[in-house]
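Here is the structure we will look at, set down as structure tokens.
Chain nomenclature is as follows: A, B, C, D, E and F, assigned in order of appearance, with residue numbering initiated at 1 for each chain independently.
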Amino acid sequence: MKITRRAEFSASHFCANPALSRDENQALYGEAANPHGHGHNYILEVTLDGAPDPVTGMVMDLKQLKDVIQQEVIEPMDHRFLNHEVPPFDKVIPTTENIAREVWRRLAARLRTSSALLDCVRLYETEDLYVEYFGENAR
Amino acid sequence: MKITRRAEFSASHFCANPALSRDENQALYGEAANPHGHGHNYILEVTLDGAPDPVTGMVMDLKQLKDVIQQEVIEPMDHRFLNHEVPPFDKVIPTTENIAREVWRRLAARLRTSSALLDCVRLYETEDLYVEYFGENAR
Amino acid sequence: MKITRRAEFSASHFCANPALSRDENQALYGEAANPHGHGHNYILEVTLDGAPDPVTGMVMDLKQLKDVIQQEVIEPMDHRFLNHEVPPFDKVIPTTENIAREVWRRLAARLRTSSALLDCVRLYETEDLYVEYFGENAR
Amino acid sequence: MKITRRAEFSASHFCANPALSRDENQALYGEAANPHGHGHNYILEVTLDGAPDPVTGMVMDLKQLKDVIQQEVIEPMDHRFLNHEVPPFDKVIPTTENIAREVWRRLAARLRTSSALLDCVRLYETEDLYVEYFGENAR
Amino acid sequence: MKITRRAEFSASHFCANPALSRDENQALYGEAANPHGHGHNYILEVTLDGAPDPVTGMVMDLKQLKDVIQQEVIEPMDHRFLNHEVPPFDKVIPTTENIAREVWRRLAARLRTSSALLDCVRLYETEDLYVEYFGENAR
Amino acid sequence: MKITRRAEFSASHFCANPALSRDENQALYGEAANPHGHGHNYILEVTLDGAPDPVTGMVMDLKQLKDVIQQEVIEPMDHRFLNHEVPPFDKVIPTTENIAREVWRRLAARLRTSSALLDCVRLYETEDLYVEYFGENAR
């Protein structure tokens, strides 16, 4: 059984590889390469896979799940310019793919319980574009 | 190929384990433990897995699918207080997880045809929280 | 200029006039008359009308607006059975219309500032049904 | 890692098997069998499965993905009567299932790169009904 | 106080003025001029303005409101090709504006009660385009 | 009759009055005062008020409306850091209120035709917060 909790954060980013020229970055990322940055209301869906506890009927304590997402993702990333303020995005290009991986990295250990495991991080950059990450070994 | 049909019902519930004290239930479920109950507009997505019939081009007759969902879930659960009016929730705590399991139990036999099987029951309690159930043996 | 803030609460209610018979209430309100109650994820939109402050560029401090909605509506109504736990709904039938009026009554005085007035309370019972209230004298 | 891009097109269709009588088609497809046709705002979600490129941090160039969807699906199908104007729907009944398969057929070859493969075509006929297709051999 | 009920219908249409040439219609309406037609999932919101009845707490009986919308709009227009099957659209170009006016014409008399009047017909052709009509004399 | 067209742009901003101290700005705007900036997917709804043309059945040519919004708002603001790249936001604090006013200023003259006038600019910063502006003299 899977349980998914949604959260939202507003952040700025831009996408450019410092090893490439301005024109190459423009060709790769289009307007997203503008170093002044631009922003999104990122929608995050965190999915756990587990079995409901026979006593509580819940896969995981929902308040605890919400708190972990808040501490590990929302507080450090919300209202931030990712490239300048949120490591590792000073070194890693904050594409939606890479942000999803970093969210996984921050959440996986803290959401591993006796009855549940992190299954998927889904990150919407806009309502027309989203990424799903299942961990390095999962699929 | 999978086909999913969405439906909605409005119901009340509360979450408390009768073997636990009021304070323990409050600690576990928070405000959801209030025995007066509270309610949700539950959104249900029922997914079938099958092959389209070569004659009809459909995995399943959609009117039949809608009718089964209506009879087995919407009619018995819509506008009801689950704990008091809809067995087994007099004995089983109606967490989103347990409601999804019960929806599966009610639908699985009736949606098994020569060309399709129930694949997933997805139940949204709010737009920020949902559960997916794939049957006891599926995953 | 108008500014609108959305909030959400989950509550139970039922609709029945104690001066009417069970059959009359059933005829009037349908399944909503079931005294066990049922529930909704109510979506509330609170609209203020005012002029942006020349110093701040804001019609109202958004944190203050959020706090007032939280204190006056969300805390007392969220995860409650309105008929049993939230006056005046022990005496006033909690139709969507009457809940919107009560939300207005709770908010109007607290949201009256030198530069802004409460303009509208919009309350969604489901995505297919909503009510808008503009105060007794407004329109 | 999976990346999904959404697109939309408005088209007409009707569902009837020419080997069946009018009454048989009416029984099978209901009002959708009306040969004058009716229409939908189809929502299409195209999912790729792949690994982000170490240089770009992207599974696929998003402009290229958008262009392929535009050329292969949106331009030929948007504002068209599928049965009359978009082969093979002169011969294949344009159920949601069959449209999803045809979208897959049009996209699969063009979206196969060294680092990514088409994973899923999800097609919403309405917000209450959608189909997911994973290719003939995938699942 | 206003109360709004949402409904949905799927229909085909095309937009062309028979007094104009094919090229002129193409210039005016773009791809919507294609006489084969195309379709939409139209979303309709019907708003009444009135005072809640002191006995029922409702502006209008919601089942009655739903029935009137069903009879006057959904049944005649759903799964139809408006230009060919739904008068006056054999003579009146079914732009979103003209469909909204026709919906108003069909609903206004039937929704006039002692306590409520039709206030607005809002019609979404897509999520990016909608029209609001308030009657000939209202504004 | 009113017609509304929706568009979307992704931009960065921060809110701080240069005449105030860092602490004062923090108190006023909270995390939005962070000068690194943060971003949103702004949703814009532009409403015109007018009468449908008797020949075309349309309040305004929709392609023209889309083009004007594209030229005046989307191209200059999309993927930009408003405070640094889009005048007058080097001098005017880009609160949602002030962005809506600027959108109005850019659109009003270009959308004034013989049959229609700009009626409202609605701007969503998030799905929980939006502003509506009707022009200086309108209401």
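Note that contacts are C-beta pairs under 8 Å (C-beta built on N, C-alpha and C of every residue); 3 or more make two chains touch, one makes a residue touch a chain.
Remember, predicted model here, so these are calculated numbers, not experimental data.
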* Asked: By the touch rule set out at the top, what is the minimum number of steps from chain C to chain E?
  -> 1
* Matching chain pair for E-F (criterion: over half of the contact pairs shared, by residue number), options A-F, B-C or C-E -> C-E
* Asked: By how many degrees does chain B turn when fitted onto chain F using C-alpha atoms, rounded in steps of 5?
  -> 180
* Asked: Between chain D and chain A, is it the same set of residue numbers doing the touching on each side, over half shared, or a different set?
  -> different
* Using CA atom averages as chain centres, what separation in Å is found between chain B and chain D? -> 28
* Using mean C-alpha positions as chain centres, tell me how far chain C is from chain D in Å, no decimals. => 42
* Structure fact -> Touching two or more other chains in chain C are residues 127
* Asked: Which chains touch, pair by pair?
  -> A-B, A-D, A-F, B-C, B-D, C-E, C-F, D-E, E-F
* Asked: Hey, which residues of chain B end up touching chain A in the complex?
  -> 15, 17, 19, 28-30, 92-98, 100-101, 127-134
* **Sites on chain D touched by chain E in the complex** => 8, 10-13, 31-32, 34, 36-41, 78-81, 84-85, 126-127
* Over in the complex, which chain F residues touch chain E? Could you list them? => 1-7, 49, 52, 55-59, 61-63
